[in-house]
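The first chain written gets the first letter, and so on, giving A, B, C and D; residue counts start at 1 in each chain.
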């Protein structure tokens, strides 16, 4: 037991933070030794989250790199945008391994960050140091490093659904349209009219069309994979449910490709990776089929009439889209099997 | 009161039928004189629908054209596909005005019907006679006729969102992609695993990708408007809510057009029509904003980066997508103001 | 048209206020001439409520009795507790008819108000003047008066379900237990963790057990009806839905009574009243069966094993529990048929 | 690994069955070696449950005691009522340990079973042999036995909430009223109008008032605990959510007892048991706080005005109310720590 990796979580009172606590509780080689919240330091974490009653009886710590280092080896940052940019340097200097779940270190260009996030960007040296932790694509680069920037929820579902096709030249990158849908937990725990039950229940709404800060993150990766600049059309919608993301993606197919061609390509690309599952022909995944788990499930429909393919990709936004993939990255950083502590079955129904 | 138009409803025990009953109850110049169901004839309609207790105390009639004619002037057909094809000739011959809410008379080509519906098509003469009742577009053709085919729910939201742009040449019809989402009531009242609460709640799923029978209906109209063959990519999703459809539509913009150009074009196109509302720049409608009403609300986002426009169109699938537009057509057929009995406020929240 | 009664609504930006706007829009003899909000005065009401786009294009007025009197004959107050207490005197003095939907004038005892509401009570003279507008019970007292205090949502469902049995001595008032459940709209539009979508969706919770401010309101009426002091056990729960209240009520039956005895008693008590519907034996109403309407539906189960009766009563909290009953009271105050403008069919499904 | 206990599940295609699969997948000392379904034998289980894709690739077995014995040591029966009654004898004779999740062996009286279940009861010898597995109450009796009857979902939440108070004489058993609420998954996966999404969403309904087959199960245990015959009033409601049960319970308090008295009593009674958590004064649990976990959380409100206590008890109906408690019983039967494989954190939000 004393050989377990000690983990601290900054931002433990957000949904990403409590999901880390849930998942890490069954990790065989890690234990959460410090739950941290600048806003609620000193209070028992179970006070604001009664589901943790008798599970975590500890008090929330304040954000203090020296204190964290005295208690932990690895630290997750699950704060709103803008906070990690300032915290990361001192955490790394303290000798901690850092996994940032916020968006502060995903964009390699400070200009792009400031344009889309409307905040001051982090120091370029740390941006350069951060490895983008899309585990099934860049997992090798994550192994052994000290600092990983965890991908956004929409980019995870979207990129896992597009990369094999873009890389293999199956689709024309200039024609990509992404119609994304998310459960409400992606908006965090902050109360606002935009997260008010009576406004969202029995409602379906679009938001931030062509303005979402995940657009440059998606395009940065697709540009890297395609080897040429890629711009995309990206729409986000809010679904009256708590968890789950679906990206429905459209693109022109290069030449003649069948559903089976896509299925084979993707199965081959993700060979040996446990968390991507490809559906057979004529079957598309639904968000409930990955609920509470680290899976990303993908299905295809090639349409001969239009020469386009429709790709459907689903994840649980709080797991594969945040806490789960972050733990997968921790495993890789520590040289462990990436699936450790993450091989649970989706909760259905 | 005796001067009211007498209305019969075939398929009164489906969701489309009970919605007709709800809406017509407040119509100043029409009254429902016969509720009809072949499967439940003889039973009180309120038995299966307790919300109608003391509102409608009558028994369900069987389907009998002579009986219907003795009780009514106008008949709505709200049955599953395949039934109206057989019923309509005798109803028209009996001298009734007929509004068919099923899909049996929407496609002008019998081959197309049989390909997409997998059923035998109706008699070509009656197909030819049927006027397609997309009221804001073909309303003039509806005035005074005896037989109207009411548009499908997805086509209504989609076509009202696309037609002004296609007609004005603002967008390239060959690039149209339609990502549609519907509440569960669109699937009707029949119980199946696909409509089971525990399977759909907290779930978002795609279905019938590139296979939905509303595709040829949309393409038939767009082809008519564009003056050239149009094929589209069309995806349907099921949202965990009861009512509401959103069509999110994508297309390449021809030349340079701003959001304001689209807004002006649409406001001009729908000038004088009460049921289409165009949102101002940067605002998109949500389905709850039209819940229970006959409105179709539309918003735009032109993206200079990609040269594409995203168009968001929402309706209540049971009202503007079915019963409400059917009544709008009835009004036009009878020479009444099309808004009669339909000017109610959406139920919010 | 100029003969319509002119109506102002204070608190137009709350859910009660917008529901008044929705319902009054189809009232044949009333029209809303002023929408009022102290917090948003000067803004278009449709800005915060896009479902009102093109339906109400007017700006929100500030709260000013003289201005209100210049525009209206009747004023509804749909504000949080504590506001009406201060406003009512000047509104009455201005010569307006007033219907208060807040709880400020329901309790006849200022001490009780201050104990349960934790606020300063209104002036006793105005409390004494206010007629408690439980229309099916005290409707005669409402006719023609100038000032009505509209009942709370829980008291409406509960009292309509209990009064005939208490009055007839069918049940022992000292044994009454009320287990109430409400949709989330009852909590209003204010954003808080308690109304946050992700916290309430897929969740069922109890709140304010034995502490709810509707307890003394229920007991005051039951005491009046029973002719002896009645105290009750009352629990409130939050249901993951927007609208609807169910009160499930338990009491010891006096002597031997059958379900049919209860059904007959209630049908007789509510004879001639349109908005209470009694279910037949073995059938209980669900909240959806009254959704969007002014109905209160009631069912019974007498259990010989225990000698208790279970009474189930449902309403739409925003209609019969607030705006609808308020309009019913307005009708009575003005000498109109109480059902005017309220005879719409529940929206189902 | 070969030392793991081998487990078979009869009724693997029901919600109880797939929940057993989910939970047992992370059990350190058990593994599911046979998934069984008489209706779907021969098909891959993942076909009907795509969330199990690549997790369980095996085919469903038919129900055959000899085959089961060749593959497993322990068998769970998760079928509808009436099936286990016939299967259990041959399974026990084959030398299997049996945990029956259906209701066939809960009632000790065949007459009671036949009255409430309207089916032929099981053989009295096997009824007598079955140990009622309410683990926190009868856990000692479960240790080492071969045949356990797992409690129903409503009885589990209800009895854990009532037993300490009844046993200690804190409440008068003759005054107990139970107002229970359940998510829809309790109704199983069978499609019917009663489980149809559009009928249940945005709806709250009561059902089987005073008729539910869990009534005699609750009364049998309370009678045993109280040492005198207990009859109760019991109402069930359907909540528009998938998982979760809340029992809100009312009873007269004997003498003067405070909330703290109840809290102390319950904490003492459940001392050393991991899965019952008692809330502090003024706090009541909600169903989401136990979602996906084996916890039963309980809170109290003593009301001096009425002399009654309100007790709120919540569980996840598929875990503590079915599969989780069944595994807890398996652990006890096998002499293992009862918490093995069940110490996961509730999924929140």
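Simple rule for what comes next: a contact is a pair of C-beta atoms (placed from the backbone, for glycine too) under 8 Å apart; a residue touches a chain by one contact, two chains touch by 3 or more.
Molecules present, by chain and UniProt name: A, B, C, D = N-acetyl-gamma-glutamyl-phosphate reductase.
As the structure is a computational prediction, the values presented were derived from the model and not from experiment.
The interface with the greater number of C-beta contacts, when A-B is set against B-D, is A-B. Distance between Cα centroids is largest for the pairing of subunit D with B. If you average the CA atoms of subunit B and of subunit C, the two centres end up 35 Å from each other.
Taking the mean of the C-alpha atoms as each chain's centre, subunit A and subunit B sit 39 Å apart. Inter-chain spacing, taken between the CA centroids of subunit B and subunit D, is 46 Å.
Touching of two or more other chains is recorded for residues 15, 183, 185, 189, 198-199, 201-202, 240-243, 286, 288, 291, 349 of subunit B. Because contacts link each chain to all the remaining chains, their graph is best described as complete. Taken in their complex, subunit A has these residues touching subunit B: 177, 179, 181, 183, 198-199, 201-207, 209-210, 231-233, 235, 237, 239-244, 246, 248, 250, 284, 286-288, 291, 299, 301, 303, 305-306, 308, 310, 312, 314, 349.
By the touch criterion given at the top, residues 15, 18, 21-22, 25-26, 49-55, 185, 201-202, 242-243, 274, 277, 279, 283, 285-286, 288-293, 297, 343-349 of subunit C touch subunit B in their complex. By the touch criterion stated above, subunit C contacts subunit A in their complex at residues 15, 183-185, 187, 189, 191-193, 195-202, 240-242.
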